[in-house]
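Shared between the two complexes below is chain A, which pairs with chain B and chain C, respectively.
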Partner chain A sequence: MAIKKFVVGCFYDEQVLFPAVKQVRKAGYKIHDVYTPFPIHGLDAAMGLRDTSLHTAGFIYGITGTTVALSFITWVFTTDWPMNIGGKPFFALPAWIPITFELTVLFAAVGMVLTFCYLCQLAPFVKKDHFHLRATDDTFVMAIECTEKTNEAEAQQFLESVGAVEINTQYRETGWWMGRYDKETKFFSEKAEAIS
Partner chain B sequence: MALREQYLIPKKYNNLSLAFMAVGLLSIIVLFFTHGTSSDPHEQTRFWASLLQNSVYFLLVVNASMFFICATTLAWGGWQMSFRRVTEAISACVPVIGVITLVILLAIVFGGNHEIYHWTDAEHVKHDAALTFKKGFLNKGFYTAWSIITVVGWWLLGKKMRQLSTSIDNDPLTIEEGKSYIWKNTVWAALYIILFSLTVMSSIPWFWLMSIDAHWFSTMYSWYTFASSFVAGIALITIYVVFLKNNGYLELVTREHLHDLGKFQFAFSIFWTYLWYSQFMLIWYANIPEETTYFEPRFQGVYRGIFFLNLIINFLAPLLILMKRASKRNYGTITMMSVLILFGHWLDFYQMVFPSVSKEHVPFMLADLGIALGFVGLIMFLTARHLAKHPLFARNHPFLKESIIHHT
Partner chain C sequence: MLFEGSKPRILSLMALLKYESQVRPPLVVGEKNYHDVTEDICTPVEANPSKLWWIGFLISVALLMFGVYSIYREVTYGVGQWNLNRTIGWGWDITNFVWWVGIGHAGTLISAILLLFRQGWRTGVNRAAEAMTIFAVMCAGQFPIWHMGRVWMAFFVLPYPNTRGPLWVNFNSPLLWDVFAISTYFTVSLLFWYSGLLPDLATLRDRAKVKWRKMFYGVTAFGWTGSTKHWQRHEALSLVLAGLSTPLVLSVHTIVSFDFATSVIPGWHTTIFPPYFVAGAIFSGFAMVQTLLLVTRKVLALEEYITIEHIEVMNKVIVLTGSIVGIAYLTELFMAWYSHVNYEWFAFKENRVNLFSPYGWAYWLMMGCNVISPQIFWFRKMRRNLLVTFFMSILVNIGMWFERFVIIVTSLYRDYLPSSWSTYYSPTIWEVGFYLGTFGLFFTCYFLFAKFFPVIAVAEIKHILKKNGESYKEKMDVVEKESVEEFAHHHAH
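Up next is the complex of A and B:
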């Protein structure tokens, strides 16, 4: 796993963050991600992120559920064990719709949750790394990935010029593990400095 | 950027609406002479059923616009404010179409033809235990009074809502005035919603449509009718928004608003299907003769094709086509779907009315489509008149900003 270098800066205000994202992208820096404690409307568009494919996955899980339910019930009630229920035909489609619906929802829901966990690399016992702990509290943290063309000092200066504070450089392991802890971090062991 | 606030009715549009109305009038006249003047009551019924279906459908569709306004007002929604005047203009058709509908309904009730409403036949009711039992509700007096109260109520409360909206066009509100203005809107919208729930969501479909099958009943019927008319109403709003946008008006409306209208169409198409299915499945499963009479001509009789076409247009097409985010944000797709949904729910009303009055054969549909075109022309005519009368933006409304920066 390659080790990558990131220039990290913090923002306290959306009004500063949005123009900063715009300028950083315009200057040609590669934004790895912006970490925020809550969803910010329009930030994905400002960062130029593509739409998630999660809903496509959800649709596929959904029709899988529909197919499974319909084919299984059909097989059971027409081939394997036909039963006369209230004089209805063996192929009693209207009666099966609720079950089909339930199974569609179940497949879509469970599948999407698992896919979401996979995409975000969330799993039991996997600890998430933070570029800055206050990204979970009240600070927006921008991480710029340093490529071979990036001049680290310039990037730091540029971040400062667009309004970032607490700028530093950090190293992380890349790949699927991105975001996994390599070493234990003690949460809030140090007193967070006050914002002046 | 200067906003184009004054809508000018294009000449072509105006001529088209007049031409549509002429076609509608012609269809009514032709149908009147081929069927309406016939001595056979069954032939006459075909004429009146067509008028009933079209007028009730289009009245409920334009009325759904006012419901949309009031529901969003009650929810303190702001996103619809940039095209609020469009919904107001559509709902301004209610008085005219309402009066037309009332005339048609009362002509059917008092006209001496008992083929559509069996319960109007006093001689018949005497020997009919079920209809005698329902006499307290299904009688000419109550029907007439409640229908008139309903239409007048929609008209006056709708007018009040429109007046509230246009009254502040020329004087900006302070914050305090804005608060009391929103409160006033909320109160009147709540009154309208109460009337709406007592009428469209319950009694009016029972009276106007369900009593065609006077012996049959379904507790789902009113919700089903409401869902049908509401989704068609949203489709009509969408068509107008896209139309005005295409002509360079409504600069503040963006794809975000279109996306939300598309969501409404999608969601309420599914809602309609849910109600349709709830009604159908229980009757199919229980299989009690007095309940299955309703579905007999529709599901197994000559209306089978229309029955399934109805499901395809109103459920499968919106489900599969509108599911994608991109298609809800695409002007072409959303317009096509709106037209399809408007036609689909017209067809839905068709199969609510006609199988009950003409069980053996499907009437030739051309004349009905002609009359429908007439109502479309009337809606076009009246809506454009109202749009041109007032600025296209509720420019001093406290929530307008919320609509401008709206983001889904």
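Up next is the complex of A and C:
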């Protein structure tokens, strides 16, 4: 990714944050992101983010699990090694429902969590730049991306007028890299530079 | 538009959206803001372990070591180290297995089912309860595995292409369903718990002052930033995982009950088993949650988050599920008589209800602990008495252990053929040691969890703070006193 310039403003109250988000967007600024210590319902809509499709992904994973379980057990018990258990039918669907159900749930859950981690770039040893350390405590941090057109001073003033505090300008990496939070060094810094 | 231009009134629209009547007691006591919540919950994690913690932890580790030695005996010399006999092939081990799995169920109920029901009080207790689930399932899993005897062949229970045919596992067998159910349950619970932990671990990471904490919470928080998009996905994930866990938790104990219900043994072969086992599981699980949380809230000074209201609500669940279990016992008894099946009726009348039969004492101990004693919680005073609650929580778990013992042993020791009736079964020291060892495992894990992880979901508490916090509730007073017309007039948009 790239290092970009941001105008950053903090809010201490979500009731101030909500109208601010609307006004900042109306004024034509590009909100890079708002970092909050807990989920705020409606903020995604206020920021104009589209709804997540994670549910759909989960459904597809679940259906995959159902199919895998049913087709595998069917193949084992009707084709590969049919077992005569007290003369009961080889295709014993009712007896397979528990395992089919469990695999449906397992596939859906594991698939969704992995997808979630992939989409949000979450993994052990993943490191990212943070705008404000208290964004995970009690502060709502709004980062406005500076494009060529953005007047930095004006943006700062505008943020102040909508109720932001601790306003400043920061240069931050928007992507992630492999690293540890107790050290500044990146795991693969030379390699990455060589590629770029 | 909803939020445009309006100067914050005494009560802004945001707070109105979260409005909850004052009739409901607050879930967070005291004047708190978001930062206070972080401080209160994270400070015990960041402090050095106390002497009390070390004592508890070392006792747990000692128990665990005793368990490891008991297992060593069993693996080295075989299952003969246990007092299992014919016809009691399942004794303490499977009793303990079912007991531990049951305990796990309350965690999932709190985290998943109550999330779907939008019960705000779950936020105070869900993190610890989910952790309890994971540790309990870990303990439960030990029993069937080591019961196999030749444990190095435990992987035979998995369907994998082998050189013996390939000879597959029996997909029609409830014992195999158990393998799938328990492993799925463990995996899903772990994912649910950990995905909920991520934001809180990030909070700890950003507060960390010491190098190892930055490193540890940095790695475990997976680089969480709190981005709005990530929260949106996180909410979707939690909701779907809750939706998946709800039928899952019901299926797990249903399948455990199938281990018994599908076999033609008097006392086991009944259709009431699945609901009866699930109710029992939740019953014992809530008792264990009470045991753990009553100690945790005291030791970590979290009484403002795990309030007396939380305790009372859980006691209500205990009296409800305890009564369901009681009804199930009576129904079972009635059906045994009504069915006119001699064996069935004998199993109940002679093996269980008859106080002077070899195991009659166990049946009545179960009845006393599970059915009669929880009725004390019909009284509000008792529900809100911590000492009574703690005592009852232990009593219920003793009762639920005996329920499984009664089901397994009293059905097995005398079945159809009097010539194959077995002698009195009592465990050896290594069977008991194994059980104590799982207590060691459970509490070792719990002590580590309570020391290094936030025992209360910080982000979730902040989420409900303005709705259920005591200081915010007072501000709702204005709304409570308004007439309907006034209310509509003020807040119409």
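Basically, the second predicted complex is superposed on the first by the 170 of 196 C-alpha atoms of A that agree within 3 Å, B and C clash if a C-alpha of one lies under 4 Å from a C-alpha of the other, contacts with A are read in each partner's own complex, and residues count from 1 in each chain.
Operating definition for what follows: a residue touches a chain if its C-beta (ideal position, glycine included) is under 8 Å from a C-beta of that chain, and two chains touch if they have at least 3 such contacts.
These numbers come from a predicted model, not from an experiment.
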{"item": "Touching partner for A:G48 - first (chain B), second (chain C), both, neither", "value": "neither"}
{"item": "Chain B versus chain C as contact partner of A:Q15, first or second or both or neither", "value": "second"}
{"item": "Which of chain B and chain C A:I40 touches, first, second, both or neither", "value": "second"}
{"item": "Which superposed partner A:P89 touches (first chain B, second chain C, both, neither)", "value": "neither"}
{"item": "Intersection of the chain A residues that touch chain B with those that touch chain C", "value": "51, 55, 95"}
{"item": "In the complex, chain B residues that touch chain A", "value": "277, 280-281, 284-285, 287, 323, 325, 407"}
{"item": "Residues of chain C touching chain A in the complex", "value": "1, 3-6, 8, 12, 14-15, 33-35, 38, 159, 165-168, 170-172, 174, 176-177, 180-181, 183-184, 187-188, 191-192, 195, 198-199, 202-203, 205-208, 211-212, 214-215, 217-220, 222-237, 240-241, 244-245, 247-248, 251, 255, 258, 459-460, 462-463"}
{"item": "For the chain A and chain B complex, residues of the former touching the latter", "value": "41-42, 51, 55, 59, 86-88, 94-95, 97"}
{"item": "Interface residues, chain A side, partner chain C - complex", "value": "14-16, 18-19, 22, 33-40, 43-44, 46-47, 49, 51-52, 54-55, 58, 62, 72-73, 76-77, 80-81, 83, 85, 92, 95-96, 98-99, 101-103, 105-106, 108-110, 112-113, 116-117, 119-128, 130, 133-138, 176, 180-183"}
